[in-house]
Amino acid sequence: MRRQFPLFLCFIAGVFMAVQYFIPHPSVQVWYERILDWLQTLLAFAFLIGTVSLVRLHYHKIRHKASDRGYSFVLFAGLALMLAFGFTNRSPGSRFDHMFQYVQVPIEGTMFSLLAFYIASAAFRAFRARTVEATLLLAAASVVMLGRVPIGDLIHRSIPWAANWILNVPNMASKRGIMIGVGLGMMATALKIMLGIERAWMGGTD
Amino acid sequence: MQVTLIWATLAAILTLAVYSFLYKDNPFYKFAEHLVVGVSAAYYLVIYYYNFIDPNVISPIFKLEFGGAPIRILGMQWWMALIPGLLGLLLYARFFPKIGWVSRWALGIYVGGYSGLEIAPVMQARVLDQIRGGSLPLVVPHDPSTSFTNILLVVGLLGTLTYFFFSLKHKGVLGVLARIGIVYIMVGFGASFGYTVMSRISLLIGRVDFLRQVADSWIQWLAT
Amino acid sequence: MRTHSPLVGLALILALCAPVFGAEGETAPPAPGENAPPDPVTLLSARDYLDNNDNGDKIEVTWCLSADDGGGAGDVLEYRIRRSSGPGVAGEVVGTVPAGTTSFLDEGVEPGEAYYYDVAAFDGGSESAPAETGPVTGRRNFFQTSRLPVLVLAALFFAMVLTFTRLAQRGANLFVRRIPGLTAVEEAVGRATEMGRPVLYVPGIGEIDDIQTIASLTILSHVAKITAEYETPLIVPTARSVVMSAAEEVVKEAYAEAGHPDNYSPDNIRYLSDAQFAFAGAVSGIMLRERPAANLYLGAFWAESLLFAETGFETKAIQVAGTANVSQLPFFVTACDYTLIGEELYAASAYLSKEPKLLGSLKGSDWMKVVSIGIMVLGIVLSLFGVTGFAGWFFTQ
Amino acid sequence: MGLLEKFLQIDRRWIFLAIAIAVVVPFFLPMGLPVVVTKPVRDLYNAVDAIPPNSEPLFISVDYAPSTIPELDPMTLAVLRHAFSKDIRVVALTLDPAGYGLAERALESVAREYGKERNKDYVYLGFQPGIAAVVLGMGTDIKGVFPEDAYGTPLSEIPMMDGIRNYDQIPLLITMASSGVIEAWVIYAHQPYGARIGAGVTAVMATDYYPFLDTGQLVGLLGGMRGAAEYEELIKHPDAGVRGMDSQSVIHVLIIVLIVLGNIAYFGSKKRSQEAKEPAA
């Protein structure tokens, strides 16, 4: 029951979800959609586990009087406020909506935009023509960079053309090759999970 | 003073707090970091509850009107809602070490289901369609440039696939092909990198534009 | 069973229509008379439509153009499709399609009923003699034949994976070339140990059902055994609850197996946030405040990849990355010390776990690549000889 | 340490400062550089342009979250402007819960510009959870998935939706996607139902989906702010996309200059260290 039964359930669920792709009959498709809903619901339940772990970690910080425990209070305040707002009123213009629009979105969006700085520093630091491969990488990157902006057109008409050519020919060929390999790997791993060969999700590989 | 301007000002301050990280780690950044972790955890709890747990479990069982977004219930009997409900509760068994292993039942269905779901569409979109896309005519009559492009595409695909061939040492013909493959891969990575710069700067422009809007609103408010 | 699959049907139509077109140029076009009805359509056929959610309420009618459509008098305006319940019975018009069209999908049939179809060309004044076909029945399908190629190739692939797995289990010596990135992982962990600083292992932000996450957990198990041995702290931040649970299990078990269950600290396997950049920001915080000496990013990553890699570079950590998300590979390749590219991530999980069983799938994938190349080359060669039907046959969608 | 080595070891915060200046300055000093239109953008434009006015509607799925507004909002606005200026009907929906407000705002603001009426010229279906289920469900019966519009009006009471049953009555569906949702449209709408799918994606995603253009799985593709700028150019209505291209030009050139300088310094310092080593060897 501890190891075999979950593997059995995993197998049954996997086979059904794989086979339904080939069976358009409504009796199967109705169950397919129902099970898909259930899987998503399961995910929603699982979400609480993570939150409990988060709360536990910061509770420990506060209890052990860690030097930066002040921020743990900030975290709890954000969590508690947002929960209180969310379970009372979620309509547009509510406090929940405002917290989302004016706290979560700007912080996340700004963290995302830090990449504009990092991409420049990474290019400066790493794009050195040390080897043939590195040279190709930096040359392709430079041409595409120039070709994507209007100033590239002004420098020479062939630059956007070259940028598009790199994107459409060598880039496409290599992406396609990687995609096939990755796809096969995904399928093989999916098969191994269904058959219980790959069971890291249960903990350990015993 | 408008309520939205207060909120927008808060957002602007938080934006600057995150940018201060570029100089170095500091209390403003730590504040924003911990705040967003807490707020987003609550946000997802609320959203998941109202989008999935409520319509799929709570409402059908207790015969309530759906509180969140309506979901299509396909001829579902109320007792069927017990299945995801019980499976979901099984996940929580892990909080009790003695029966923790029960949570694997739910996990097994989840992991197995999604693994199975993935197989056929992946075969279709990532393998079959790409092979089809790679099956190009090498000689296109009266069109040498397309012929040349097609040859380059086919050679690149063969090379890349060879690079990811693990069963034989990369020597001889395989070595040459794998070498061609890595050349294509690197050019492709360079292209992606260069292409992405624009996307990242767009985000920065978006944030700067937001700060400008808030500043404008303040100037307007002060002027009136 | 149906009489023929759409693939065969398509091939038949292609093969049979060709002579009709070919003959067109040789016959002298009839004088365009106002009242002469257009030539009838040829090779009319109707069959049950195949579709993902086909309820048996659709029938597809196909034909070859009337000789007066495009050629001949060139005066065909439209085709009229009629449906009836018996042969020769005048049916109701269920649809009209413009000239140049060779198929019509009737979506309003009762499943299980037998129907006959008439198609007539119409030139604005008169109709051609109708062509009739039938009976045809809409069926609720139990197998979608258009997806046969997917099934065949998947079955072939799985057979290869399982055969190689069986071979490996029997102790056959399956050669797999060394993947250079693997040593990099071990070196990075070793360096952190020497410096007495923690190892940071980010298993991506994918869900547990993402295959990359699964592959990453296998590698995590291996890494955890090393850190358990050397009493190096191992910090695993996660962005998904289920992944956190699985990572806890994996690490706990690895510590037990290495004989150091006491070194396991549950506070080091952390769930941070489901929100992508909240997670990224918190991981950056860990790098700056807890100063890990080795950062391993293995799994499914999106835009946060470069945030990690650049912050990690600032803290002078050794960084090894691996992902199958193609769009993020360029950033890992430029900013990290070593990167497992795409499939190498899966290969690494098979290689590292030292499980002969896992090698089977790697070998299976390899030989499936050979098959893929074979199909591709066959398609190319056939196209050189002017045979384009192959691609159409094999990749029918 | 020589000047070259010093430059190689430069504190990256100087680079950050340079980027910050480069992005802010063009805000005050616009340059108005011209934009050349590429084929995937033109293909999408032509596909929209070919839709007959006041008949079967163009579907737009606003599948992005707020974090990608700067890239994807200009595209959504440009495509909506194109459609409304040619009296093409529009049906908008979203598969991303965070896209609900974004879709509504874009639709309402452009509709107001062109004097279009809700439920006569356009319909907003709102959000439905479950990506694959929604996309597949629309292949059989749109009204089954979206029984009513976002404001509670049953679709059966909206004349514009008469006869719109599934993908067969949708001349084109454009997804503005900041995630893998685009693949769901291709795999679950194009593959089984033959739906015509066009897409607008972030610049970083665009290269991944070039193969889909080639295989016909996508009709056309807008990539990032540049894609939006090109579309704005085609509909002769320059807006945020074209404006942003100035800052983009400056920063792109700045990064290339940094790369070139970095390499000059690298090879210069390497040469010198080799020269320095030689006598000792």
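Order as written gives the chain letters A, B, C and D; numbering starts at 1 within each chain.
Heads up, the rule we're going with is that a contact is a pair of C-beta atoms (placed from the backbone, for glycine too) under 8 Å apart; a residue touches a chain by one contact, two chains touch by 3 or more.
All values derive from a computational prediction rather than experimental measurement.
> Of all chains present, which has the mean Cα position farthest from that of chain D?
The chain lying farthest from chain D is C.
> Across the interfaces A-B and B-C, which one involves more C-beta pairs in contact?
A-B
> Taking the mean of the C-alpha atoms as each chain's centre, how many Å separate chain A from chain B?
Taking the average C-alpha coordinate of chain A and of chain B, the gap between them is 4 Å.
> I'd like to verify one number: the distance from the centre of chain B to the centre of chain C, where each centre is the average of its C-alpha atoms, in whole angstrom.
Comparing mean C-alpha positions, chain C is 17 Å from chain B.
> Where the CA atoms of chain A average out and where those of chain D average out, how many Å apart are those spots?
Centre-to-centre distance between chain A and chain D: 19 Å.
> Using mean CA coordinates as chain centres, what's the gap between chain C and chain D in Å?
One centre to the other, that is 23 Å.
> Indicate the residues of chain D shared as contacts by at least two other chains.
12, 16, 19, 23, 67, 69, 129-130, 133, 136-137, 191, 203-204, 207-208, 211, 214, 226, 248, 251-252, 255
> Using the touch rule from the top of the page, what residues of chain C touch 2 or more other chains?
Those would be 51-53, 55, 147, 150-151, 154, 157, 207-208, 211, 214, 242, 245-246, 272-278, 281, 289, 303, 326-327, 329-331, 333-334, 341-343, 347, 362, 369, 372.
> In chain A, which residues are in touch with two or more of the other chains?
21-22, 33, 36-37, 40, 43, 46-51, 54, 68, 101, 104-105, 107-109, 111-112, 114-117, 119-121, 123, 125, 127, 137-138, 141-142, 145, 148-149, 167, 171-172, 175-176, 178-182, 184, 186-187, 189-191, 193, 201-202
> Spell out the residues on chain B that touch chain D in their complex, using ranges where they run on.
Those residues of chain B that touch chain D are 22-23, 47, 51-52, 69-72, 121, 124-125, 129-130, 132-133, 188, 191-192, 195-206, 208-209, 212.
> Taking the touch rule as given, give the residues of chain C at its contact with chain A in the complex, in rising order.
Chain C residues touching chain A: 50-55, 140-144, 147, 150-151, 154, 157-158, 161, 165, 207-208, 211, 214-215, 217-218, 220-221, 238, 240-242, 244-246, 248-250, 252-254, 257, 267, 269-278, 280-281, 289, 303, 306-307, 309-310, 313, 324, 326, 329-331, 333-335, 341-343, 345-347, 353, 355, 357-358, 361-362, 364-365, 368-369, 372.
> For chain D, which residues count as touching chain B in their complex?
13, 16, 19, 23-24, 27, 67-71, 97, 127-130, 133, 137, 144-145, 147, 183, 186-187, 191, 202-204, 206-207, 211, 214-215, 217, 223-226, 244, 247-248, 251-252, 255
> Report the residues of chain B in contact with chain A in the complex, numbered from low to high.
Residue positions touching the partner: 7-8, 10-12, 14-15, 18-19, 21-22, 30-46, 48-53, 56-57, 71-72, 74-76, 80, 83-85, 87-89, 91-92, 94-95, 101, 104-123, 125-127, 130-131, 133-134, 149, 152-161, 163-164, 181-198, 200-201, 203-204, 206-207, 210.
> If you look only at chain D, which of its residues touch chain C in the complex?
12, 67, 136, 139-140, 165, 168, 191-193, 204-205, 207-208
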